[in-house]
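The first chain written gets the first letter, and so on, giving A, B and C; residue counts start at 1 in each chain.
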Amino acid sequence: MRKLALNPDRLFSSDPTQRAIARELYGSIADLPIISPHGHTDPLWFADNHNWTNATELFLAPDHYVYRMLYSQGIALDDLAIPHRQGVPATDPRKAWNLFAANYHLFRGTPSRLWLDHVFASVFGIEVALEAASADLYFDTINEALATEAFRPRALFDRFKIDFLATTEGPQDDLSAHHRIHQSGWKGRVVTTYRPDAVIDVEHEKFAKSMARFADLTGEDVWSWKGYLAAHRKRRADFRAAGATATDHGHPTALTANLSPAEAEALFAKVTKGDWTPADAELFRAQMLTEMAGMSAEDGMVMQIHPGACRNHNDGLFHSHGRDKGADIPTRTDYVHALKPLLDRHGNNPDLSIILFTLDESVYARELAPLAGHYPCLKLGPAWWFHDSPEGMRRFRETTTETAGFYNTVGFNDDTRAFLSIPSRHDVARRVDCAFLARLVAEHRLEDWEAAELAHDMTNGLVKQAYRIEEPLSDSKAA
Amino acid sequence: MRKLALNPDRLFSSDPTQRAIARELYGSIADLPIISPHGHTDPLWFADNHNWTNATELFLAPDHYVYRMLYSQGIALDDLAIPHRQGVPATDPRKAWNLFAANYHLFRGTPSRLWLDHVFASVFGIEVALEAASADLYFDTINEALATEAFRPRALFDRFKIDFLATTEGPQDDLSAHHRIHQSGWKGRVVTTYRPDAVIDVEHEKFAKSMARFADLTGEDVWSWKGYLAAHRKRRADFRAAGATATDHGHPTALTANLSPAEAEALFAKVTKGDWTPADAELFRAQMLTEMAGMSAEDGMVMQIHPGACRNHNDGLFHSHGRDKGADIPTRTDYVHALKPLLDRHGNNPDLSIILFTLDESVYARELAPLAGHYPCLKLGPAWWFHDSPEGMRRFRETTTETAGFYNTVGFNDDTRAFLSIPSRHDVARRVDCAFLARLVAEHRLEDWEAAELAHDMTNGLVKQAYRIEEPLSDSKAA
Amino acid sequence: MRKLALNPDRLFSSDPTQRAIARELYGSIADLPIISPHGHTDPLWFADNHNWTNATELFLAPDHYVYRMLYSQGIALDDLAIPHRQGVPATDPRKAWNLFAANYHLFRGTPSRLWLDHVFASVFGIEVALEAASADLYFDTINEALATEAFRPRALFDRFKIDFLATTEGPQDDLSAHHRIHQSGWKGRVVTTYRPDAVIDVEHEKFAKSMARFADLTGEDVWSWKGYLAAHRKRRADFRAAGATATDHGHPTALTANLSPAEAEALFAKVTKGDWTPADAELFRAQMLTEMAGMSAEDGMVMQIHPGACRNHNDGLFHSHGRDKGADIPTRTDYVHALKPLLDRHGNNPDLSIILFTLDESVYARELAPLAGHYPCLKLGPAWWFHDSPEGMRRFRETTTETAGFYNTVGFNDDTRAFLSIPSRHDVARRVDCAFLARLVAEHRLEDWEAAELAHDMTNGLVKQAYRIEEPLSDSKAA
């Protein structure tokens, strides 16, 4: 069997000058705690603190990065034990794992490969590479570890040195998992994030159901415009009480609107009656971004906008397997015109903070960096989803820094459902950032002491500041 | 006169670590045979096996990469002996060659320069650089060589170690050149490719003429929808009999449609009556991509889609010189929405294989890699046309690999009319791929043995598999 | 206090092979004179030759690159002494400077930082870094210097070795500053550029006022189509008499039109009556680009097109502070379809020369390089505005050279209002170009002697040729 070993210089340039600088920068921040301000882990894990059962359930079933690649090469999702609309297929988890292992070469050159190898080596201590020949060894080793006390969610949370972890819930969620975490006495800081898409997107198949739950949880008449806005305010307060410092908005586009109160009320009446065109649905989502920005300016919650995914592109797979099955495809996304209505209303409000994400890299230099390099309320979220990768992060820095600088960015988001991969994802981000800084220093575009400050700020300072988690930036920049 | 010498390390990084790795990888694949699954060489060359006559006819007249650059600097096409609509201008070929030589500096930094120098040095053994002072020497040396037995098409085919060469013909072609090649007893594997644009694009000025020929060759009533589809099936069978494993589709956009049979028939009736708008013509092309995908799923021919060129952009030049004169300009191209109708109908069909190309690099990371990294029927063709260049190929790998991996790509296409440049084009691609792999190895993102496997697969394995030329991938990935 | 020292190898690769080549190339062109064919310095500076008063007035007030970044971090423009619509705020310039100094870390990684440090070190001889602790030292040092004879505009012009400097004026400008410069006997070559936007953009709030002035200065009936065109011809002649060799056009898009004379006249009548829609205004701008191209073919003035900025995006700031306050945001820009009408009319005219710029980098490889690599009348302007930066210039070369070559580009434009930064901007461009050439040489894609020629041409030869300032390219390319 082939060896598995993580090279300590991985992801640094092979140029000796740059590598030496990167190594030193990385050394100074490698052990900083993890701040994870945006992600999709399940709060029940930390509320219940149950053991996970096996490698397949943990690594394959929740990770669409992994099974989309296998699917693209003609492997059936059933053979990987991926749940479909009728439930989990009766596939032997070991067989599924073996199929994955035999096809592990497909991940060469991908971030999944980097993350997985890091987890295998550093979390489970495995010393051979994953391939057909080592599949059973992996399956047994991982499953044995998972059964132990040391591999329960809370133990790993502590082992991973996570200082802050945000999950994402909707207005229809009662936050009971979060309440149980907070009442348990455990010290881990796990908070929620307010993501109201389910009660904003009238095109979602469960819109009516989510609205009913929204009404139940708030006691408001959510089918009236006033009651609907009041319900948002109530739930935002509930989420803040459960530790939330941010909201999140995953719309198909970045479109915003700036309707008058009367127009907004009329539009709400129309779309909630079910009497809408796709253009009405889009306009309502657009107006709601502006409404949410207004509430953020009031209550201080940082607003995240994640637009640009064409969801459920594979029609057949959507019918058989449902949402979030690796079939979301990015689309060209405009920000300059789309955000203007919101910015016309709130763009110079010092209390508002909006973090922008994109799946369309062509906007980094052209639109996002110029916007964030001007508007006080706009910051740039890190390279997202398909671009959360070494090359993607490098392009992000290369195309945004010269116009937006470093201080209009917000550190790293792991954005993951794969809890065990959190340290590996942060490690990749830290290494890529240090490699980028090292190039600037080696090319005499930045002093070494500045790079050291920046490495620290990009790892912890900026994320705490941007997500209002409270901690000053590195000393030299204190007022 | 300046010297001409090909440096053995050309196109590798100057970083010593990366260069050493690249050199070793390249050494392991440099002598592999050439598989050329998509191109535009003339099958008559191999059927007739006549000598070419002179350097101007061979290097200037067919190579729009070359004369477009000269034209851009104010040099008249007549002075370069480029054919116009009335025929070949009465320009002395030696004078044309001298003009080219005196302006060879214009090609600095371009792939044409790399390809041409490679041909001059390695095919003709020339040891001085092309410039005004060496123009006559070049013209004489090349012409003398071309008159010899060793420089006839079949001899060069063998010398170039070409294992497989696909040309491109339309449904209106009787394939007689291919039949003569196959009947000649010569062992060279030259096959055709089915490119039906001429009978699909009702906006083409020769549509009616092509349809008449289509009817003649098939005996079908091609002006009825059923007969038209039957004629396609017949000709696809003819092409397969002449060795074709693939079809090719060069539409202005990637638009597809998913009309009902009745709608498709009505649209066909409309456009074939000449009673169409540009939107009708576009919709018919769109529907025909979906029809062709259906036939590919039936007969196993791999489907290539090459969209996004705005053809004949220079109106004056089109009137004086006609098509394919270096005046085609790429345009922004959407794939996510455009391909959905076809994918809704055939996207999960395990028998279908579609290779996508683009002239719009902004879609690599945003659209094409996510599509190919999910749909089993989609693969990514290599960097195409203007992007078939060292920087273009590097960007292709950097922006697609992390999401689509290497195994959803299909190796290299030379796509050329310039037969003598085929080895040089493959050499550039192999070097750039090895340089890319070397960086990943040097940055500890890939093991050296993996890079060695990949180098082999990217050169031969993936192309044979993707174009169904039959040969397994490198051992470790055999099921 | 931290030291400030410019490293002689800044902006070169840290790879020793590349660095050595870059250093030698740079050494051969570092002392060449500055040709600045496009910019926005104030001709009054050179006409009056008055001393500047203080650092704040010189570095902050005119430089939207600088204050937009400070504004993006919540710093009020009033506190930086930036003029608003009612005048200059009563802010103590020293206080404003101190605020800037305390926030200088925001510019890490930006070109402003490179330019400013270069000015501080090489123009003022300052040896400590700018930060809160050194703010007063800077303010005093700079102000003292500015009061001296050696820091008057003309003295600096000579010290900077500027051979040619173009400013930009509109048709409503009487060019009196330029006339005074020329009549003064001073040898500095400062010329104007014809930028007629103010009398072409009917959406501009001062259109009527500019037209009135246009009429006054020409004596033409500018409200008739014939008189309007005649007025343009007269003013173009005036500008040529004041040394202009070029025109400039800053439209929202690159759209051109090719209307018949009667259609153009009717459109003119409509838009000048004030009876227009935004589409009419856009069509008129489009038609005027084609008219201007026609005049350029007549009178030999080189035409520059700078499209793609969404001006005054921040509505609140526009109302409080007016235009050009750092709130212009680039937008996606089409060239292929937009330029076709103009090119249909004038594209093959050997007397016409158009230099294209963009704020949308996605068009470099896809549209601009293919267009410039074909049409004799088209050349590519350098990386512009937000992309006038080390990474921006590198991307420009990497994405245009392979298709357009070097000889369809036009050297560097500093495009600045910040006179003192001109040498630093040219220095950055020269270094980045040398670094790019050094990579090509180190990777054996270009010979060293070719790179040396190119370095010279990219610095002086191409810009003189493109802007018709008269000087041949380097010897080897003389016909």
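Worth pointing out:
Keep this in mind: a residue touches a chain if its C-beta (ideal position, glycine included) is under 8 Å from a C-beta of that chain, and two chains touch if they have at least 3 such contacts.
Everything quoted here is computed from the prediction, not taken from an experiment.
At the interface between chain A and chain C, two copies of one sequence, fewer than half of the residue numbers in use are shared by both copies. In the CA-based superposition of chain A onto chain B, the rotation angle is 120 degrees, rounded to steps of 5.
As a whole-number value, the distance joining the C-alpha centres of chain A and chain C reads 40 Å. Counting only residues that touch two or more partner chains, chain C has 15, 362. Interface residues of chain C facing chain A in the complex, by the touch rule stated above, are 2, 7, 9-15, 68-69, 71-74, 102, 105-111, 114, 129, 131, 310, 313-317, 326-332, 359-362, 386-387, 389-392. Those residues of chain C whose C-beta lies close enough to touch chain B in the complex are 15, 17-18, 334, 336-337, 340, 343-344, 347-348, 350, 362, 365-367, 369-376, 378, 398-399, 401-408, 439-440, 442-447, 449-450, 453-454, 476-477, 479.
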